[in-house]
Amino acid sequence: MTRTPGNLLDFTCSALDGVRAHVPLVQCITNSVVVNVTANALLALGASAAMVDIRGEAGPFAGVASGLLVNLGTPTLEQREAMLEAVTAANAAGTPWVLDPVAVGSLPVRTPLGHTLRDLRPTVVRGNASEIIAVTGSGAGGRGVDASDGVDAAVSSARSLAERTGGVVAISGPVDVVTDGRDLVRIANGDALLTKITGGGCALGAVMAAFAAVDDDRFATTVAAITVYTVAAELAAARAAGPGSFQAAFLDALATVDGDALRSRAALT
Amino acid sequence: MTRTPGNLLDFTCSALDGVRAHVPLVQCITNSVVVNVTANALLALGASAAMVDIRGEAGPFAGVASGLLVNLGTPTLEQREAMLEAVTAANAAGTPWVLDPVAVGSLPVRTPLGHTLRDLRPTVVRGNASEIIAVTGSGAGGRGVDASDGVDAAVSSARSLAERTGGVVAISGPVDVVTDGRDLVRIANGDALLTKITGGGCALGAVMAAFAAVDDDRFATTVAAITVYTVAAELAAARAAGPGSFQAAFLDALATVDGDALRSRAALT
Amino acid sequence: MTRTPGNLLDFTCSALDGVRAHVPLVQCITNSVVVNVTANALLALGASAAMVDIRGEAGPFAGVASGLLVNLGTPTLEQREAMLEAVTAANAAGTPWVLDPVAVGSLPVRTPLGHTLRDLRPTVVRGNASEIIAVTGSGAGGRGVDASDGVDAAVSSARSLAERTGGVVAISGPVDVVTDGRDLVRIANGDALLTKITGGGCALGAVMAAFAAVDDDRFATTVAAITVYTVAAELAAARAAGPGSFQAAFLDALATVDGDALRSRAALT
């Protein structure tokens, strides 16, 4: 596939159908804050979710799951061990996996863990600009989960990170960027309300794992995941009176977003 | 009480009043994904919730709680120890307890734990068909939290499990089944949206513990819990635009469901 | 500032503007039940949230956070160690911190921990009447998270606790009380629906930490946090059909509550 915006939009529509038809089972090792909304986002979209995050089970499960998310938001000791177990098994089995290096940079436990996981070659890395810069190995890292660096500042880090992992890197922000080190696409969808609920970014990582399970072109599946997710956010924002009603409307929108909405709203360049 | 559908429906209506009058305090040792919605479901219904799940406290609390839920969804090491401590204390004090053997079958940590807990004679076991088959000791187990076996396939397992524990077994599915090894009731209420939010089954286990606290006939209290819960789901589905709005509407419905709604909707056979 | 109700209301309005202007970053070490709604309440209000609750990170982060919440709801071993690490660092750095002694009194792990944390001189202690009495060192303690003692019964405990810590103590109930051992204010806002969702009290502790970050008068910032929070609850209750829709409406209201609503509704005496 030539990666034109038009081709990627066609791919996005068929990949969404693919997720709903195949119901990929996404294993999530994620933080306590967003674990509920992450499972609900996967279910709403049409995928399946299993939060298998303990030692002794995380590895065996990663060998049979359709995809895996590893999110560093609240990495307990037990989860950290489960992450390494799961990633090792995922790599052995060919299970695609997404790394979300939450707040990597300044925090002393997760930063070396993020670098270790990076070197295990994640299929996709997703973070805000500060996190992408930090996990690549430079920069001061994130202020918690907020980006202090702009998306553009992170593009060269993202390219070199993608070359290093052999995978795909996605930078979240007002305009999202996806690169595999060679091609680069920008997606100008979404709504500011996504930043006013916790999990707005974290659940996207799980959705990327669901899409990665239905096609081997992970550059295209990552673009598809972001496009579906951020177009759904726009549909929800139009019906919300604030962050609380947005949260409910967003799950409703993930369940109903379709090719018509994608074709009329997607802003890929 | 002769367990006719009519008698069980009468019982359900008075048991719901009993929960709201006595405000049973339900201790929950449950998974990170659904812990919030489980507490909220208990509060909405009119019960009280306390998630006391650490070593050194789980046992003392189970001795004074009105009921106990043990759910194997994300069983950390600390929780696994707390579960055994709590169940031992519950059995000593006569506190009714519900076992939810989430994903028991194939996963290597929770499967032996589920069998150990089964042998401690839970008052009620609740699971989907695959989980009931697996916790009974046969079958390949669940695909995460989704049922791959049908409810009918699990009925003979449920009967033998109930005979073994001396308690009640409930199979969740499009039609729910409750048996104590002798009697068997089917409840054909609920809505598919319950399967599109995480915790749809897990919170039901907590509601069963609340009902078990208000009457010694745990076959009847389990039927009552399922009937109230699934009728509330129908009321909520009628007002929902998708899984997000359903989640809010379901809590609203648990707070308002009453004898009139139960009598007009309950489908017990 | 002379602490008249009128002055405190003026302060509340400007402190709310201050939170929205300065976006304080609140570190939360809190329980698994409410961690999501706590983060969402902070984001809705206009603050920022980071749930850094592991050993080795909790301390360094508390040194740079704007405020810290320590909530004893589900205190895992790892969290208990992180709490002591964070509080030590917060005290060294002058970071204001809020202690929420959930269910301290009868439970054998958290009760001595609550007393240890009390002796580390929290900037603010927030609890229901039973918890305040118990953490002060007398009384039988709470029944889980419900108050069995009335607010008035706890006032003398609250005064002596404030004198002991050198900080502020807030008792939550139908009428909230704030004291620094000398002055005392009552706030008669809120709605019973706040007691029908889990986290209604716990998230308030985080909001107190956000307000404490924007002014050194922590008696006044605690009054401001309660007033904003409980007035928002009134706005939400007017639009809710039950606890589920209240939860969404409450986050919406935290995002929109303003000086006009505060001035027309605040009931400070």
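The first chain written gets the first letter, and so on, giving A, B and C; residue counts start at 1 in each chain.
Basically, contacts are C-beta pairs under 8 Å (C-beta built on N, C-alpha and C of every residue); 3 or more make two chains touch, one makes a residue touch a chain.
These figures come from a predicted structure and were not determined experimentally.
Rotation relating chain B to chain C, from a C-alpha superposition: 120°, rounded in steps of 5.
Because chain A and chain B carry the same sequence, their contact can be compared by residue number, and under half of the numbers here are used by both.
Chain A and chain B have CA centres that are 33 Å apart. Of all residues in chain A, those that touch two or more other chains are 32, 36, 76, 247-248. Looking at the complex, you find that chain A touches chain C at residues 31-34, 36-37, 73-77, 103, 106-110, 143-146, 195-199, 240-245, 247-248. Within the complex, the chain C residues that touch chain A are 25, 32, 35-36, 39-40, 43-44, 48-57, 60-61, 76, 78, 247-253, 255-256.
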